[in-house]
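Across the two complexes that follow, chain A remains constant while its partner is chain B and subsequently chain C.
For the complex of A and B:
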């Protein structure tokens, strides 16, 4: 089954909840909805499921218009961020419930529940009620219920957000594989860029109820089409510097200039925003020699460390720049114990930065870096 | 007792001084004991009087029956009119409880789950039914039931009591229903449940405590309500309250009979409380009561 959203919109009064969302979802694919809280991921899923009706646009299932059809007339399974199970039923009955409603034979139900319980490692808990399970087990019950139904559209709304780290890692790897076997369209909402990258497939970035970019996940990450997509797909937050390009020179807000290279090369004169992720910014300790002389690929700014976040083998160093350009987050390999107040210089790799025009759209002079938006790349990406 | 001694243990000097009279009850224990005692005085006195003869009752103060007798109870049990009144009361209270909760369930679900024009004013208007004393409604009900032939039937009382029991049940149940996440309803819809099947199989068990609490309050209000019950009946559907008023007649007040009837009247309430005590304990902790 393919599912096409054609300029689907949802308004409540004058408030626009979802604005002209167009998506093309193919069977057997992983589709990630990436956006911050309240960006409309859940609402979009509810529209796909038929729990809510759109106020404009069409939803087409295999060429059949299903815009006005309720959820019971669709083949949908959904898992919520909160663990939603039927509290009065046992785990077995919870998983079996969609099959019982379909009126399947008892032996068939037993076989399918047993298979799902095995995949979700719930076999020892089948007789318990959801209240007697841990959070992870409760969510696995909800996932098993979505799995046994063998629905053609499976909606997972931040299913792992409330789970502990280790379980999240495990399930994130297993879920796409388990559901891929059913050949369903898999839609997975998440707020975490890292999770989207691990899930692969295709990603649609959302910002304030609007789909800002759609494409293969890695491509969207590499080539954000606009500032909103880049912001959503950046953790820690995207670093942004306002620059003015004039005659091959870029000027920062503090009046310092540097050669307009990388994404700035060949841009017409005018103001733009230079956006870059933490991995495009290096930290050089002053006096260490690294920050002296001309930086190889871009400008450098002196500043003082405000915070260092250490995540495993990497450190994110927040540097407050002297020139009042705001805080820049830099990625440093290895664990570095910078103290707040340490003097450093931020070296920017212009080649990994993006230039955005005043309207937030990505701008580039060279054709090679033009960015594909919309449903241009429709073929599923092998996971 | 043990908890009070634990509590006083850190006060080293005090407990050491109290050591010779080791088991002396603390002030709290005495206070609570007195409180419970006073709570039970009226009930004890009713039971006490019900086992006395009328001459005993009038001859002065005695803490227990001097000439214990079961005569009062016997007179109630052999008199078919007393029987009938008990049956009448239980019937209209039962009917009222079932009707009130059955009618209130869908209403409470709608108030909890849907937004519709005038939902909030309607909700509070329902409650305003509870604010007027039953006497206000006695006359219109009397007139209406006389005209429609419902007068002097158990249905007359059962339906009249719905006037304040339905809003009460809606109010209580709405609180419990709002405590159930909407996602459960949606998950059931996604699973393919029809609404009636979902409501009976999934939803009702979830709000069983709320139904227990609502039924308990409907029972209690209907059971103790006297004015409507006596105004809307005469002979055929005479309730307990109506029978009791016969105990004070031209011949004087039959104290013993009245007390025995009072004791018997408390029993159904006690039985209901016994059966729903767990629901009520949970219900008070969870919902809107």
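For the complex of A and C:
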């Protein structure tokens, strides 16, 4: 089954909840909805499921217009961030509940529940009630209930957000594989850019009820089409600097100029925003570079460290620039114990930065794909 | 410097509270306890009676024992009937309360109204309402040919008192259940819709289990309320006709203040008190135990 959203919109009064969302979802694919809380991910899923009726646009299933068709007439399964199970029913009865509603034969129900329980590793817990399970087991029960239904559209609304780290990693690996076997369209909502990249497939970035970009996940990451898409797909937050380009020179807000290279090369004169992720900014300590020792390829700004977030193999260093350009977050390989107040310089790799016009759109430099692969993308991600 | 000497005097801070408790509950309570173990011939002369009053009270062959047993059974029956009506009705009403818009406020205020009326006023309302000469209910039923007389017919008296209690207190259960229903995350209803579950199974498998805790509290409150009921039936029937609606409190007041049978009444009070305490304790241990089982 394929599902096509054709300029689907939802208004409540004068408030636009979803604006002209167009998506093409193919069977057996992983489709990620990436956006912050309240960006419209859940609402979009409710529209896909037929739980809400769009106020404009069409929803087409295999060429059949299903706009406004209720959820009961559709083949949908959904898993939520909260662990939603029937509290008094056993795990077995919980998993079997959608099949009982469908009126399947007892033997068939037993076989399908057993299979789903095996895949979700719930076999020893079948007789327990949800209150007697751990959070992870409760969510696996909810996932098994979605799996057993063999629905054609499976909506996973931040299903791993409330689980502990280890289990999240495990399930994130397994889920796409388990559901892909059913040939269902998988839609996965998440707020985390890292999760989207790990899930691969295709990603649609959302911002305030609007789809800002759709494409293969890695391509959207590499080539954000606009500032909103780049912001949503950056963790830590996208660094942004306002620059004015004039005659091959880019000028920062503090009046300092540098050659307009990378994405700024060949741009018409005018104001634009230079956006770059933490991995495009290096930290150099004064009196000896921390990076590769090469002279900086782009502009560099002196500043003082405010915070260092150490995530294990790498550290994010927040640097308050002296020139009043705001805080820039830089990625440094390895664990580095910077102290707040340490004097450093931020070296910007222009080649891995993006230029956005005043309207927020990416300004294509040198025509077409500006940054195919760059130092900003340290690990190749299959598209 | 050793500061322990000062720290030991911290108990002095508790003294004011102990004095208040002494006067507010311990002293009056001890008066009752004194009466329950002693007898008097007046002139403030007391002599020891041991557990005599209690033996008398708990022996159904004695007159007092018979009275106590009758009132206890009557009261338990009343509580059972009232709970059996109010709990399902309260759930049903709560399910009908609108979920959003101005209707929520309107419905909640209307439903809460009976709770805001003083007990004796509720009694007066229903006493007048059920009179066969001027009361709408009494006149209406009599005109319809239904034999109805609260002062002479025990069934009529019970009917009015039960309807009155349902009218007065179903609101509380409805409001409690409404709060419980509001606390159920929308995701549960959505999941049930996606499963294709019908209204009954949504109620049976989602709403009712999620209401369990508020229902336990509601049932405890209503049991206690109906088990200790006094004002409303006293205003409507005065415990009659005969002894038909003499519940424990009404009977106790008759014994203590009407007949000044202080020894029996004191034993009566203590046993009555003990029964309510025991029920509270059972409810409390049951709910905390159930919560622990849930958490495990």
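As a working rule, the second predicted complex is superposed on the first by the 360 of 383 C-alpha atoms of A that agree within 3 Å, B and C clash if a C-alpha of one lies under 4 Å from a C-alpha of the other, contacts with A are read in each partner's own complex, and residues count from 1 in each chain.
The rule we apply is simple: a residue touches a chain if its C-beta (ideal position, glycine included) is under 8 Å from a C-beta of that chain, and two chains touch if they have at least 3 such contacts.
Predicted, not measured: the structure shown is a model, and the values here were computed from it.
Partners chain B and chain C clash in the overlay (superposition on chain A).
Touch criterion met: A:72 reaches chain B and chain C at once. Look at A:102: by the touch rule set out above, it reaches both chain B and chain C. In the superposition on chain A, contact of A:253 is made with neither chain B nor chain C. By the touch criterion defined above, A:307 reaches neither chain B nor chain C. Of the two partner chains placed by the overlay, neither chain B nor chain C lies in contact with A:7. When the two complexes are laid over each other on chain A, chain A has residues 49, 51, 71-72, 76-78, 80, 82, 84, 86-89, 97-98, 101-102, 145, 149 in contact with both chain B and chain C. Chain A makes touch with chain B in their complex at residues 49, 51, 70-72, 76-78, 80, 82, 84-89, 97-98, 101-102, 145, 149. Put simply, chain B touches chain A in their complex at residues 181, 183-184, 186-194, 197, 202, 205-206.
Residue ranges on chain C touching chain A, taken from their complex, read 185, 187-188, 190-191, 193-197, 205-206, 208-210, 293-296. Taken together, the chain A residues at the contact with chain C in this complex read 46, 49, 51, 71-72, 76-78, 80, 82, 84, 86-89, 97-98, 101-102, 131-132, 142, 145, 149.
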